[in-house]
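Note that the chains take the letters A, B, C and D in the order they are written out, and that residue 1 is the start of every chain.
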Amino acid sequence: MKDTIISIKNVTKRFPGIIANDNISLDIQQGEIFALLGENGAGKSVLMSMLFGLYEPDEGDIWIKGQRVKEYSPRQAARMGVGMVHQHFKLVENYTIAQNIVLGMEPITKGLGFLPLVNISESEKTIEAFSKRYQLNVNPRDRIEHVNVATRQKVEILKMLYKEADILIFDEPTAILTPQEIQYLLDIIRELRENGKTIILVSHKLEEIKEVADRCAILNRGRLVDIKEVATTSTREMANLMVGREVMLEVNKPTPTFGQVVLEVENLHVKNQDQITMVKDVSFTIRAGEIFAIAGVSGNGQTEIAEAITGLKKITSGTVRLNQVDITNEPVRQRNLEGIAYIPEDRQTYGLILDDPVSDNLVLKQYFQEPFSSPGGRLNPEAFHHYAERLITAYDIRSNKGADSITRSLSGGNQQKMIIAREIEQDTPLIIFVQPTRGLDVGAIENTWQQILQEQQKGKAILLISLELDEIMALADTIGVIYNGELLKVEAASQLTAMEIGAYMMGVKEDE
Amino acid sequence: EPTAGDEAATEAEADGDALRIAIVTSPSGVDDGSFNQDNYNGILAFMENHSNATVNAIQETTGDVAAAVQAVADVVADYDVIVTPGFQFADISSIAEDNPEKMFILVDANPTPQGEQELFDNIYAMTFAEEESGFFAGVAAALETETGKVAVVNGIAFPSNVNYQWGFESGVMYANHHFGTDAEVVELPSYAGTDVTNANVGGNYIGNFADPATGKVVGDALIDEGVDIMFVAAGGSGMGVFTAAMEAEGVYVIGCDVDQFDDGTYSDGNVVLTSVLKNMSINVERQLNAIMEGTFQGSNELLRADTDSTGFVLENDRHQLSEETMEKLEEVYELVQAGTIVPAANFNGHSPDNFPGL
Amino acid sequence: MNKKNPLVTLLGNEKWQWLSIPIFAVLLSILAGSIVILLMGKNPLTAYLSILQGAGWIPKANYAGGTGMLTDFTSFLDALAPMIFAALAVTVGFRAGLFNIGIAGQMLLAGFFATLFVGYSDLPWYLAKPLVILIAITVGGLAAGFVGYLKHRFNISEVVSTIMLNYMIAYVTSYYIKTYFVNPVSRQSEYIQPAASLTLKNLRIAGIRVDLPIGIFLAILAALFVYYLLYKTRLGFEIKAVGANKQAAEYAGISIGRTIVVAMMISGALAGLAGATFYLGHYASMQPGVLAGLGYNAIATSLLGNNHPLGVLLASALITTLDKGATYMSSRVGVVQEISGVITSLILLFSATGTYIRYRISRQRQEQKEKQEQIHPEGGEEA
Amino acid sequence: MIDRMIIDGLAFALPLFIIALGGIYSERSGIINLALEGLMGFGAFSGALVVVLVLHHFPQLQPQGIYIAMLFAMLGGALFATIHASLCIYFKANQVISGVVINILSVSLTAFLTRQLNTLIFQAPSDRFQLGVANRITLPVLSEIPVLGAAFRNLYPFQFLIILVAIAAYILFNKSRYGMHLRACGDNPHAVAAAGLDVERIRFSAVVISGALAGLGGISFAYSISANFSPMIYMGYGYLAIAALIFGNWEISNTLAAALLFGFARSGGYALARSLEMSSNFNDITMTLPYVLTLILLIFFSKTNRVPRSLGEIYDKGKR
């Protein structure tokens, strides 16, 4: 029998308006891979954050290695051998990879024989060796701001390993990795278990859990639903426990009929603010009624393509045509009016003004037109209100005070509904969806997919950019795979398998 | 409101002869150890003999002329006498007109005429013959210089400052003629002053009364030219000149308006050779006494050495002049008192190289 | 029921927090000021009453010849007008996400040009006064618009460029004032012609001498205008969007550069009006090389007024009352006037913690609610 | 004249630099510091007060006076900075507003206290504390170098101290663990917290250090310009320091260059005025030189400006 290494006893944690963890008790054994499963907002990250000392339980206590933890902090956690890979990366952008990894445990050298100085070169050497050992190859001298998301993920993992933690918490580490990279990570996790580490893995992806975990706990709305032996539990069973009802994510995709070309992108090149070329010679067309999806690992130029089309980012060279009109040099407003709707990836930064009311946000793209403002520039609050109430009802946007609610107080899913409502209502020939279902739970995902398909039915040209292969496979008519700023492959969806796409996403070219 | 005025009157009567005095000052306040302080000391001296008199010190914090007058207007109702040291208060004449029962002692400025009226029954305005003080400084500087180079540093070429400058130059000239000295007055062309008639008056003008940093630059530049005695009449900017003198070796300054000896102390001694004075305190005290005795008369007075209103420091431990120099200063002081010597001033028609008594 | 938290009871109403929290801060600082006054052995009540008397809110015991409460009150209004304008200028900038530290410089420059072109002219009042206003708006607007342009075009922080401009304006105007229109007695610029003045000086109302500031009416109008602009117009919507979330505004098709420049110009125009009412109203003359402290105090005043135009009116009135009443308090109570400066800064200091108070209240209310929820779990679920 | 330009330029640039360096500490930790002006003034006030008190009782300590003053100016500046730190870090106040308020408070408080203390303690009414001057030092050998030798002539004691403190501050900032944590706080405080470090404590100490450095700069100005402390010390040099550090892109070495530029532009302006022999009226025009120059240079250098990522953001542990 193995020893209990972590014991969570009757832990409750509240946030304004929500009980994130409700009287949870569970034990984790030394040397096992313990999975934590649950919908968005079920309270997984919060529970893990308490294990790591970022939050304090409102009630109940946590025992680690037989000790009850008091005045617990990340520093304390590190001392007790607990490490965590955070779902939302916590990296210092203008530091190098090495600096990020050693932060808080920097090796010291004696400058002039007495000054305790940080020994950067030693850290770099250590990290280099270290990353080789775990085959997580990174260049310790690269600055975080210059590396892609997958590398950042590796840095988070290395950070934890470097601190010689023996209890390792992975909070959704696979969300942004390609299938191949996921496999690789799971191998590492297994290897770590061989080395005697205890691992807690948080994930939505049932297959992964099935593959590596020994036991798994299921959370629902902050409550512990059950703890299962993975080996004897089917994924279907886990899914039902997680959502609390029968789920069947199935899309009825009607056969599309394509019309005229709506969007034409030709030889597009885009540089980022550091003058690094992020998009290289990208060309594609989208027809009316077509869903064109761009698949790829995050950070390979997808955002830049979307922003180049919408006018948010300056194009280095190339042309963009909308309905045969060259819009390459038009300002954002003009492009919107001529027919581009855009659901951005980062909804909190780009899509919404969080401190403004829902009504203001719903008219964000139309406030300057009648009836929202008069030709003289006077706003018409009644029109704002009216319009907002209509969308709130039509799109089932839930909030505490309707159109007057402050947007920040809405849940992530409802914020996303607001954006989709606003953009779809523009009734434009082209709609760009970037990561439309990120952070949504199963029900909301179903709903959003339906909406996308409806728009397709109406004859809209749709550009879908997503990191989720499932989503792309379910919706796309045509798939383009992007790697390192280049479209490596453009092909009808029916001609591609997920594994093939995964290979292109890793940069494997056809002839290899 | 007539009733309020009546109340004030009865209040004043109830207190008998208790004189309610206010002193309203510019931003530096009555305890600035300098100009305002000297006026305040006059009031305090008066109060030693009239123990039931009261004084309140009120300070205007912006230094703007309109604000200064507003401050007086805010409090005038509660007092019998208002002492206002400083040019900022010239406009109190409008308040004086409205409050004939209140008395005003205005220092260093004449009241602003109201229409044709230049004199006011209830304002005693005192100004000082700065050129006389400057003259004493010039004589002292010429007698004491080792390098044979002296200079005068001023703020802006307003008449009072030009008076000091020309008075000083007159003094140096006088000493060169009568006491066999050979002192040169150094002027930096880049700091020449332009007076209110737009005439170039030479001298060394900092261009500001509240910029010690530039003051120091000017002081340093003069020291670089070999000057070892500087007469400083430049308000707050003057502290920079003092600092320059302290940092240099063997350089002295002559203070003005009040005894500035304390401003000159530093680790190796004191840079204040002497200070030339406007004796405000005795004149304030005189006027307060006149009010008590009922002999107070409004007038605009230009005060001179003949009433001991201009002069220089006499206390032996407050200056560093040789006995010989002191004797010579006493000598010229009498001539100035008698009107034999009339140093040049901005608008008295004389010039530093041609004035009565030279 | 579980016991209520006094803070929540007192200040919990979110609808009134824009008013209740600053008032709470003010009360705290008045309390702190009282302690300082007590330490000096004086009576705080008398001190505060005499501040109100000095600013003309309540009658004094005695008035000097030809003056009355109205004299003090109009004089207070005269000083209030530039403060309102300046604080509004801060507010508009702030709402666009810009810190206009250059109010003092823009005031000075606007006042300077208005003085130069109109102040000494022989124009009749009906031309001179509107012209003063027009010049002030134009000059202030251009000066600040330039800052906005530098920010947009060259990415120069407005904090730095306004500081640089403040110095440059102070020195250059100082040169012109000293060289061309200084009064040798007052050592500042010659008084302007009454026709150009935005304050009607030395009027007699029922035998009482008053200075009637036109500026105060303009200032109240300006507050209403800013309110209208920010909450009722397209431009205001854009300004607030840019200030609240620049990326989202850009995404929505709002031109960031244009909005920044326009917001700065409006802010500068208001600062210009502050300058006009300050230099061609309240003072009628300019001190060479001196930047008005008001330009900096306005930043904190705007915050005290919660960056809302109507809040700004109240906050300006409060700060100006303290300032105006200080002389009389000093005279009546016999404490140095600087005390009032200390109290003012205490008020501003406490008001800076307004966000924190708000945060504590929402936290405590939450805790209360949760405690109740535990008693009635079903009821809480729906809430 | 060139000598004078170099000597005066350095004497002005170094205090300005050390104030700006204080600003860097605060801002690189994520706290906007517009309070430098007030911190500088309060520091100078504290140093001057203590030295005047000490010399009142032990006049023989006169030669050590300036060192005592510098020490206590740093302490006073640090103490006053705790207000800014508390407001910004614990009370979550808007950092710009807090800075402006602290400046207002500093001016009124020091003016008030100087007057009261002079009357109460020394029975000598005055609105300033008389400091006297520091003896200036010329380095042998180095000062003999033609032209540039001026940089080693007539140095104030505070210039040596500033250089020493600046070197120490540079090492602490760029090479030590603490400095590494501090700079990380300005970029992503959440990463710092996750590394087991106390963000609030690091930021608090950074603001306190910035107060100490500003205080040192303040007392240096008090000594080198007017040899006393009076409210005239509030001449906007704190704001100028902010401009220097933004100009210097929040980097210590670039900020030194910016401060030197200010210093030499200023002394160069005076030299120019003298050589042109224009009348004193034109001084005001030449005084604008450093500011005009800065603005022009900013046009060329601002594009690449890198504001610390979390600067001005209120750090909330719970925020995601």
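Please note the rule applied: a contact is a pair of C-beta atoms (placed from the backbone, for glycine too) under 8 Å apart; a residue touches a chain by one contact, two chains touch by 3 or more.
Molecules present, by chain and UniProt name: A = Nucleoside ABC transporter ATP-binding protein; C, D = Nucleoside ABC transporter membrane protein.
A quick note: this is a predicted structure, and the numbers were derived from the prediction, not measured.
Chains that touch both subunit C and subunit D are the following: A, B. A count of C-beta contacts for the chain pairs A-C and B-C puts B-C on top.
Comparing the centres of all chains, each the average of its CA atoms, the largest separation from subunit A belongs to B. With each centre defined as the average position of its C-alpha atoms, the distance from subunit A to subunit D rounds to 45 Å. The distance from the centre of subunit A to the centre of subunit B, with each centre set as the mean of the Cα atoms, comes to 76 Å. Centre-to-centre spacing of subunit B and subunit C amounts to 38 Å, using the average Cα coordinate of each chain.
Among all residues of subunit C, those that touch two or more other chains are 178-179, 289, 336, 338, 341. Annotation for subunit D: residues 115, 281, 284, 287 touch two or more other chains. With touch defined as above, residues shared between interfaces to two or more other chains in subunit B number as follows: 29, 156, 194, 207-208. Under the contact rule stated at the top, the pairs of chains that touch are A-C, A-D, B-C, B-D, C-D. By the touch criterion given at the top, residues 4, 8, 62-63, 65, 115, 118-119, 124-128, 130, 132-133, 135-136, 154, 224-228, 230, 232, 235, 270, 273-281, 283-284, 287 of subunit D touch subunit B in their complex. The touching residues of subunit A, when paired with subunit C in their complex, are 14, 16-17, 310, 312, 331-336, 342, 344, 349-356, 360, 364-365, 367-368, 373, 377-379, 381. The part of subunit C that touches subunit D in the complex is made up of residues 99, 101, 150, 154-157, 159-161, 163-168, 171-172, 174-175, 178-179, 289, 296-297, 299-300, 303, 336, 338-339, 341-342, 344-346, 348-349, 352-356, 359. Chain contact summary for the complex, subunit D toward subunit C: residues 34, 83, 87, 90-94, 96-98, 100-105, 107-109, 111-112, 115-116, 236, 239-240, 242-243, 246-247, 281-282, 284-285, 287-288, 291-292, 294-295, 298-299, 302-303, 305, 307, 314.
Across the interface of their complex, subunit A is touched by residues 231-237, 240-241, 244-245, 247-255, 362-363, 366, 370 of subunit C.
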